[in-house]
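Below are two complexes that have subunit A in common, paired first with subunit B and then with subunit C.
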Partner chain A sequence: MKNLLARTRLDRRDFLSASAAAMSVAATGVVPKVAFGAEKTVKIGFLAPLTGAVAAWGKPGLDGCQIWADWVNDAGGIKVGDDSYKVEFISYDNEYDPGKARAGAAKLIKEDGVKFIMMLGGDTWPGVQPIAENEGMLVSTLLPSDLTPNTKTLIAPCEVHPIYNVTGVEWLAANKPDAKKAVICAQDDALGKPSVATYLAAFEAAGIEVVDDPLFFDPATTDFAPVMTRLLSTNPDILCLDTCYADYVHPLCEQAFQQGFKGTIISCTADFYPKIVEKTSKEFMEGFIFQFPDFDDPALNQPGVNFPKPNEFYAEYAKRYGEAEWGAVSWEYASIMDLWADAAGKAGSVEPADVLKAMKEGGTGKHAFGDAKWWGTELFGIDNALVGNWPVVVIENGKAVIKEFRSIPDWWDKHKDLMVKHMTALGQMWNQRG
Partner chain B sequence: MSRGKVNPWLWVAGIVLLATLIALPFGLSFSQREVAVLLVINVLLVSSYRLMTLTGEWSLGHVVIMGVGAYASALFSKRLGVPVPISMLLGAVTAGAVAALLSFPLFRMKGFYFLIGSFAAGEVIRLIWKYFTNPFGGPKGLKLIPGFPDIGPISFFEPLPYYYLCLIVVGMSLFFLYRIERSRIGLTFHAIHWQDKLAESVGVNTFSYRMLAFVLASTFAGLCGALYVHYIGTINPNRFDVEEMVFVLIWAIVGGTATFYGPILGVVVLTVINEVILRALGFDTARPMIYGFILIASVLFLPNGLESLVPKLQAWRTSRRTAPEGTPASEEKA
Partner chain C sequence: MSDLILQTIVNAVYAASYMSLIAVGLVLIFGVMGVINFAHGELYMAGAYVVVALYAESGMPFLVAVVLGLVFVGLLGLLMEISLFRPLRDNPLGGLIASIGFLLILQTTAVLGFGVRMAHIPPPTQEKIELLNGVVLTHQRLLVIIASVALLSLLYLFLHRTKYGWAMRACAQDREAAALQGISLSQVSRLAMFIGAGLAGVAGALTAPLVSPTPYMGHSVIVTAFIIIIVGGIGQLEGAIVAAILYAFVHTFVTTFFDGVIADITGLLLMLMVLVIKPTGLFGAKDRV
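The block that comes next holds the complex of A and B.
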């Protein structure tokens, strides 16, 4: 054995040559990524920020998709017509930059041959839009504010941001009737403004007074002490953190804690909230309202919820990546894949146009939180957003708990004039953007 | 070598480089061509930044000035219907004009104060873009910006034609920048950098020359913005934030700023590593960490930048040529 080892030992020159060869082979993409024998494989593009300030809304989603793909592939793939397809995700980190998103879309469509692209959207969508439209590629976004009458192949099939935020405010008004004064802050960007308009409409509908103008801070802000001091100067009952990124929600909560805020905090997201609880206290975070549940919640097992095996999905996610890594988007892209796979099955094809047609057939779809309808003409100029129920989540004893599912369309039917008023005032209607 | 005579090997090297740049896209994948377009634009961006640094002032507002050119060109073409090639030139001129205006407050400062002042001025411009939804589109910016018009069957939406367009524009701009540096004006920039009081004592108006460097650099930065915006078709204030500026600084520092080619080496090497090699190796999410490691390593082991390798390489080649018989170098040669 010793002789064998001696005979096969590499010298430094061999090692360097072999390493260089291996690197160049890998760099030229000659190595097959995943081999599935003779079975058919459909490639799905994942074009989202995986690094940088917005990575919290990309990377956990890709991790969730990997679980989804493993489960689907282990079960034999998705059935499309007479064929079974394994699913392979091809990711590209767009760093939330439209130029890189364009390069990524070109790679995914022209080189990788993907049949569907999932994006976070926002600033990156306009960079992708021309190439997606030219190629007829079906693309999903988590931000329906990307939708316009011209975006025929863009869909928002999971998250109708920020409209679902109305359900949190509605629940707050019903369960904490003494809370009557609110303040709002948000980063001054494409995510912040429509969300502020939504919260303003929801507070007005709920009879809650917003006691100061919404405070827009620059996305480059790192010191949140003055922001919080200004917010708390009016002694509000409700502190609304709008759709702040995780990088802002955490320091804002810390500042609210340090500056002695005693009221209720409401926010669109609370990604990695156990870390906020650690930095503040369970007592401080008690009653924190947001919109994104942990999927170990038993409420997700009730009839009507379409996301398959949510508790097992959460357990697997926690096992692979850690419980503290669970975020708002961990399940969202996977739930979009459920919808896509269902539509591909119905269409008997994985081609983008066929899948889109099958997806929108009958005007309804199976949203993760229940059956929903394709909607949006009044707000986005096109019915490409799937809207239905959405959960209201509250932190109790350091853990997120679903308190209720509320209907977004019901709220819309009663208060749509308020929403349109505030969206218009902030220049967020589809015909006012860009 | 006497002035006016050029080493024939430089001509050969220049022709080889030109041929390589022309042939390059045909060796690239479609998405790598997209990266090549952005790289060519960034070459001009970082080279124009170097012109600014010749007078000794480092700015944190160069990327915002690029944005001024981009916004101006986008607005001229989208809102006023100006043909895109003309709007690009107008965008560059607007960036130069804004720089001229900023010169008056900024060049009351020097060194670190100028650096901070340029950052503040850039932030004011970015806030204006965010605040005034009309005409700048607010935080979401502008989209569906007209592209460079097609010429017959040539569509500039495709990366290949746009690469060549950028190559021509950037090549001409680099030539212009090079000639400026080699002219009396460029020598005066250097003089102001190293001995500004002495330069003043012999009658050089240092304010005017600093302003000239700033305006020229900004005009080319504005041209970069115009080239970028009519290719990508969208623009928003976050695209020109200080994080983007840090990348320009990194390209300049890693490449070195003592020579004309130093920053170009920096942007080319770092972009190829970050956008091509690391992506191809599947290090998508680890790229910032590896990039940071490369930066630390380059600062530690190449404090004078990548450009410092070139004279070392030349010295090594010379020593090989001139090594006497019997030395290791001559044996290796044999």
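The block that comes next holds the complex of A and C.
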């Protein structure tokens, strides 16, 4: 028995022989791929909140990107110079925390070798800024309020949050002229404050009186009854929910319903709005104005909209994740990838500096909702925000419907002084932010 | 103006009700076992998710789901006592750290089971009572108020009229002396954990349709609960109830008449003021030498 055991044991020579053989097999399996260069992969970083209160503006975007990657890769990848690249997304959950965002950016750049990073931005951008600048990494944000003259490699190519909110107010003023008194509430953070300044400017431009100081609440608030009691105490016609997170919009609407509000609600987003309808009523939610359409809307098929196959994208999203999971950002990061892929193709390179140069060439770009221009010097100190038309969405009979596309630059040309005034008053101009 | 004040009082009574349930549970656990249970907010969250699972997803009657929420979270408390706090009975710091670990386990379990986003719970009722012109109290909020008063009254009777209640109060006063009188510390600790956790669970279950549960909803609750028990006097049940009412009224009135952020600052200032004037809290007694 002892001899048998001894003979079955692997000795040093056998081990080395076996290892060498295994390495040879592995090498023969790898070498041809490298030699023929049939398939290259470009890695894209997705650095956004995937958990926590702000996850609704991260996770649905990653889900949308997976659809984008599957469609692009199934079609052979993106063409860059003579090569075709498959696209691989590497995600990192920053939990909307600047420290975790910094760690995520370091990992994505130094370990994973990504060529582009997409972020939500806001409170997490200051954590990423030093490493992005040092490494020359191209980074996108959904929040152009992150832009300053120093953020040369940061772009806001999809959302000009919160500036597009002016289109909703402009539409409201034109279509509900009797609504003249508004109140605003927002969470006290980097998303809430610039949005409050924007709504204040838009209401002033539209001749709508804001009858009480904007009410800021702690992001940790769970009981919104006192907030709504205060808001409704002035009998407003318009209840503005600013850029409140989905976790706040739902209970705020429920409270407004329970406390008997009869006017018009306007909000930047209404993520998962069918659930709000379920908790209130179709009648209560009728006429709710916001800024983010469902992509099954036929209005998105009209000429000028650059997002490819929006209705098919929505159908695929609903099939994979459920219709109720569609949110404001489900399409946004995918639309940024369209711009990036187009620029990489033009540049013949996936390197960040080349892609950025190609993207901004001529000062214009193909935004999801139409042709747009790179803009922002007067507000952000740098022309790194892509701005054009934005849809105004209204809930009708329990379903979001695009009512109109309105031009943000047209509003800006007429009322920019008001915007600068209110942004300055709330300390939100680029040279005021810490 | 009188309507606004009355509506604010109604809002404050509701807030005081569920905060009392949570704070009393936390105080009970600390008083009897000497453990600061950092997972208490997550026990509240677990109660809310019992309602998500049984009422929103399985169609069970809401009140049955609430009762099962109390029992389930009470059993979670028992599990904590047996697996974490009993082995670390002589190491309060160890118990605190173990409760942080349990907090993360509960959060992760909720994420894995229900996802990271807020859960949607259809309202069990949309009925409301109009107290005055424009002053409303929904049936859902009224239920929370009634249930809180009933449960806290039952707890009072239990603590003052039953043998087990006396034993728990004895342990809260002096554990060594209680043990010398033949009271089983293990048995009393198990009971305290069941009741304390159950109160947090039932608070979560009752308020779940009003708050849209998320796996992270325990954070804000635990901070408020700690402020309340510090103001009331650590380990003082009556103090926790009075402090919950005081905090809820101050916070709700300041939110309504000033700002939600100022209300948070005022709550912290209230705690600081009590610590400066009466460091043992409103109902706390000085330690004996």
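The criterion applied here is as follows: the second predicted complex is superposed on the first by the 396 of 434 C-alpha atoms of A that agree within 3 Å, B and C clash if a C-alpha of one lies under 4 Å from a C-alpha of the other, contacts with A are read in each partner's own complex, and residues count from 1 in each chain.
Operating definition for what follows: a residue touches a chain if its C-beta (ideal position, glycine included) is under 8 Å from a C-beta of that chain, and two chains touch if they have at least 3 such contacts.
Everything numeric here is computed off the predicted structure, so don't read it as measured data.
Asks: After the match on subunit A, would you call subunit B and subunit C a fit or a clash?
Replies: Result for subunit B and subunit C: clash.
Asks: Have a look at where A:Asp188 lands relative to subunit B and subunit C in the superposition and call it first, second, both or neither.
Replies: The answer is both, since A:Asp188 touches subunit B and subunit C.
Asks: For A:Ala75, using the defined touch cut-off, is the partner it touches subunit B, subunit C, both, or neither? Pick first, second, both or neither.
Replies: Neither partner.
Asks: With the two structures laid over each other on chain A, which partner does A:Lys279 touch: subunit B (first), subunit C (second), both, or neither?
Replies: second
Asks: Would you sort A:Lys59 into first (subunit B), second (subunit C), both or neither based on which partner it touches?
Replies: Both partners.
Asks: Once the shared chain is lined up, is A:Thr51 touching subunit B (first), subunit C (second), both, or neither of them?
Replies: Once the two structures are laid over each other on A, A:Thr51 reaches both partners.
Asks: Which partner does A:Phe217 contact after superposing on A: first (subunit B), second (subunit C), both, neither?
Replies: In the superposition, A:Phe217 touches subunit C alone.
Asks: Determine, for the stretches 56-64, 92-100, 146-154 or 200-208 of subunit C, which one clashes with subunit B when the structures are superposed.
Replies: The listed stretch with clashing C-alpha atoms is 92-100.
Asks: Intersection of subunit A residues contacting subunit B with those contacting subunit C?
Replies: Subunit A residues touching both partners: 50-52, 55, 59, 188, 218, 220.
Asks: Considering only the defined contacts, which subunit A positions touch subunit B in the complex?
Replies: Per the stated touch rule, the residues are 23, 26-29, 50-52, 55, 59, 91-93, 96-99, 102-104, 106-107, 110-111, 123, 126-127, 129-130, 134, 188-190, 192-193, 218-220, 427, 432-434.
Asks: Per the contact definition, I'd like the list of subunit C residues that touch subunit A in the complex.
Replies: Residue list for subunit C touching subunit A: 4, 7-8, 11-12, 14-15, 111, 116-118, 120, 122-123, 126, 128, 134, 136, 138, 141, 210-212, 214-217, 219-221, 223, 251-252, 255-257, 259-261, 263-264.
Asks: Using the touch definition from the top, list the residues of subunit A that touch subunit C in their complex.
Replies: Counting only subunit A, the residues touching subunit C are 50-53, 55-56, 59, 188, 215-218, 220-223, 225-227, 229-230, 233, 246-247, 250-251, 254, 258-260, 272, 275, 278-279.
Asks: Residues of subunit B touching subunit A in their complex?
Replies: Residues 29-31, 34-35, 38, 123, 127, 130, 133, 137-144, 157, 159, 228, 232-234, 236, 238-239, 241-243, 275-277, 279-282, 284-285, 287-288.
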